[in-house]
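Chain naming follows the written order as A, B, C, D, E and F, and within any one chain the residues start at number 1.
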Amino acid sequence: MTIPEAEDQEPTGPGLSHFNAEGGAHMVDVGRKPETRRVAIASGLVRMRPETATVIREGRAGKGDVLGVAQIAGIMATKRTADIIPLCHPLPITHVDVSLDVGEDSVAIRAEVETWGKTGVEMEALTAVSAAALTVYDMTKAIDRGMTIESIRLDSKEGGRSGRWERTDE
Amino acid sequence: MTIPEAEDQEPTGPGLSHFNAEGGAHMVDVGRKPETRRVAIASGLVRMRPETATVIREGRAGKGDVLGVAQIAGIMATKRTADIIPLCHPLPITHVDVSLDVGEDSVAIRAEVETWGKTGVEMEALTAVSAAALTVYDMTKAIDRGMTIESIRLDSKEGGRSGRWERTDE
Amino acid sequence: MTIPEAEDQEPTGPGLSHFNAEGGAHMVDVGRKPETRRVAIASGLVRMRPETATVIREGRAGKGDVLGVAQIAGIMATKRTADIIPLCHPLPITHVDVSLDVGEDSVAIRAEVETWGKTGVEMEALTAVSAAALTVYDMTKAIDRGMTIESIRLDSKEGGRSGRWERTDE
Amino acid sequence: MTIPEAEDQEPTGPGLSHFNAEGGAHMVDVGRKPETRRVAIASGLVRMRPETATVIREGRAGKGDVLGVAQIAGIMATKRTADIIPLCHPLPITHVDVSLDVGEDSVAIRAEVETWGKTGVEMEALTAVSAAALTVYDMTKAIDRGMTIESIRLDSKEGGRSGRWERTDE
Amino acid sequence: MTIPEAEDQEPTGPGLSHFNAEGGAHMVDVGRKPETRRVAIASGLVRMRPETATVIREGRAGKGDVLGVAQIAGIMATKRTADIIPLCHPLPITHVDVSLDVGEDSVAIRAEVETWGKTGVEMEALTAVSAAALTVYDMTKAIDRGMTIESIRLDSKEGGRSGRWERTDE
Amino acid sequence: MTIPEAEDQEPTGPGLSHFNAEGGAHMVDVGRKPETRRVAIASGLVRMRPETATVIREGRAGKGDVLGVAQIAGIMATKRTADIIPLCHPLPITHVDVSLDVGEDSVAIRAEVETWGKTGVEMEALTAVSAAALTVYDMTKAIDRGMTIESIRLDSKEGGRSGRWERTDE
């Protein structure tokens, strides 16, 4: 197995940069990395019964706004990422955009996050999608407990030593 | 479509109990519900390349401990659920158990949460699984950016007016 | 001056119950108070130029939703009250309802909070109104920096030893 | 109505920069803005019965210190602003000064906040004043539930593309 | 070695109740424990140069108030205990009292915390003392970087199955 | 007494820079200080019965991992420092390393924190040690309530106007 050179990787460890020389967990040293523009885009899906999707869709047009609340939840969670993910660096987020789209039997979520910092915002984008998905679940679980959250993943990232990466497997 | 009677549902709204009479979002009134024992079990999966699963597995035996850090992240996120999910009630969590299991090309996550309160802990269990999954991603993204988080879902819940519910679709 | 008997007041201090015998700040002992239903209603106003009110009103009808975001901010801040107000007790909030109403040159905000606990939720209701007001300001400050937040106040409270209180000065 | 050019405003939206092209809420992109010194000064008032002001004033000289606790609450809330206001950017605050002054029937609050960042600290200054005002209320509500929080507003701001702004209406 | 029967101990584990059957960390199940009054008292010391103690002492009498700020820090940290200590249960704190006393070359800190809940508040009292001690350090480190925090310990606890415990080694 | 020139000290105050001209607490102005690399190393000790140290040591080798959980607690608390210590500046932490070492009758804790910012990370390193120590206590208190936390102190710091400082008293 070849472990690809990683952006966050320290010279001290072979493989996983979150562990220090003694194998303990640590927050990777990014101090000497330049502050550059970094963008990450992530996405995910809440799969549900068609009736549930209909209620959400009509809710948006009519009274309730599941998508609006989930969007705010996603944006706010972006700012809490370093509180929730133990080894994440706190970063000065400069832009967040979370969008949600109701399909026939699902809600698709997409988050774009930008910083000008020393490390990337992949975790921020994935956390935004997760929080928005959980909020969709929370607000509709009364009528559909069986919903599942699927396919939360990084779609692309830009900036840093390793430059642009884009998901290619689909 | 028949909307099933929901545990958290108020008499004022047809369907989604998180919206009040005017259609705005609100935190559902659970004040008159009895404090009973409530348990929720949720699960999810981080899908990865087999090489990544191997690194995690060996990391556990050897030095680093991806699963140990993710487990703590899951437990701590349980306590932050009401901070992250806008309309969630704060609940006095009485027990949390998060377990992770490395498979051939995935890490399986399971969380069990218990409270003795006025509403259920479904969101707490799902949040624990999400945070643990994000942490697995964070700690191994240096070698496998393409990992995806899959199938985060409620497996069962107990307690409250609606009693026991178990996932049956599999 | 007669200091009225206060619900949260300890026998040790004449006047302000947040100070202990030596005059230092402390969190008042509410341990032996019964857990009863307690409700508080607070309100406030963001005063603005009529053009700003128009933009918000049309935003609601059309695409953007200043009031929806402010509503969520108010609900979420309710749950953070004990984090923000130093001597506040953490309370298991059982219901929150925040509503906003655009007038000719203002947005009126009202919050109702309920708990079943050992002390009241006056601060939670006032904090909800404050956070919603600040959010209205934040989302429209680009077009009207001169807006002011006015008349944040308790309208009524129920429950506890002192029973029902209602604002009478208007 | 002419909407004045706003500092935080994106070219994509006419008017309110907190909404993206589709009208959803987002955190405005400030990534390409220069990091400059930015200062904001805000103020507000807690209006109360003269007897309450006397108790606070004497409390300061004697034992209890309502103003000291409120000052700390204001400073700490400054650092939580981006947690409380959904679309606020997290900013590296470099200075906070909160002062409180007891008048005959009120406590006047003033906050000055500074950052060297990509966007302004208006919300941080307003949040500091709000938290300090709520704390004054909390610490004296036992003797005066009728207090109101009035006139929370931005007094001036410096820095950024739009430069200095000063309240002129009084 | 005989491991004394512990209040928080589960029947499944011999010794440390924070680990579940498989040895992973978990939040101990306290759900079936009765809600009783529980009190914990902890203390600690910040050791410093006599000149530093003098500055603090005079600061209290005169203008600045190191002890007042540290007291608030201790009270507020009590409420954040379950956020900071991974396996701590969130508890409805009903009373907190933090006091600080300047000696010749030290500041002595004492915290008393009470809850009516299913588990004890030992960690809350120790966290209050720690946060107050760190704040004393922070506020005086400009003149005495060599200060040390000493002897943070539980002095007594009451309530729960194991009843009263008092430190006897001195 | 000569008060040594302090790094964080403002020209306005003689002695303690956390107080402004009127003697109130404020967050010191660091805006005009250059962003340089700053490192702080702190340490501390949890003193315990030899049997307790043995259980922790064996726990590490076998199943449970007191030290692993405490390490994560220390790292995460570093990021919460400005939330817990009232007058601390929020800083963009770029590296954290927390290590724990079981001795015969104690656990030794050491934290190294780095930032590239306008002020130092002494408080972050001390907070990391404190949180790790409290977590060790929490996870073993069931078998040894008498443990004490000792000798939390700064060992060295680098960067900033005052340059390198190293503890010399031992």
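Definition applied: contacts are C-beta pairs under 8 Å (C-beta built on N, C-alpha and C of every residue); 3 or more make two chains touch, one makes a residue touch a chain.
Please read these numbers as outputs of a predicted model, since none were measured by experiment.
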Report summary line: Per mean C-alpha coordinates, the chain lying farthest from chain D is B
Report task. Name the chain pair with more contacting C-beta pairs, choosing from A-D and D-E. Result -> A-D
Report task. Identify which chain pair among B-C, C-E or A-C reproduces the interface of B-F, meaning that over half of its contact pairs, matched by residue number, are the same. Result -> A-C
Query raised in the report: Where the centres are mean C-alpha positions, what is the separation of chain A from chain B, in Å?
Result: 16
Report summary line: Rounded to the nearest Å, the gap separating the Cα centres of chain B and chain D is 36
Query - chain D-chain F separation of Cα centroids, rounded to whole Å - result: 31
Query raised in the report: Taking each residue of chain C in turn, which ones touch at least two of the other chains?
Result: 22, 24-25, 65, 68-69, 72-73, 76, 80, 83, 86-87, 90, 92
Query raised in the report: When you check every pair of chains, which ones turn out to touch?
Result: A-B, A-C, A-D, A-F, B-C, B-E, B-F, C-D, C-E, D-E, D-F, E-F
Query raised in the report: For chain C, which residues count as touching chain D in their complex?
Result: 1, 3-4, 6-9, 15-19, 22-25, 44, 51, 54-55, 59, 62-66, 68-69, 72-73, 76-77, 80, 83-88, 122-123, 126-127, 130-131, 133-135, 137-143, 145-154, 157, 165, 167, 169
Report summary line: chain C residues touching chain B in their complex are 37, 68, 71-72, 75-76, 78-80, 90, 92-99, 114-116
Query raised in the report: What part of chain A is in contact with chain C in the complex they form?
Result: 65, 68-69, 72-73, 76
Query raised in the report: In their shared complex, at which residues does chain C touch chain E?
Result: 20, 22, 24-31, 82-83, 86-87, 89-92, 117-118
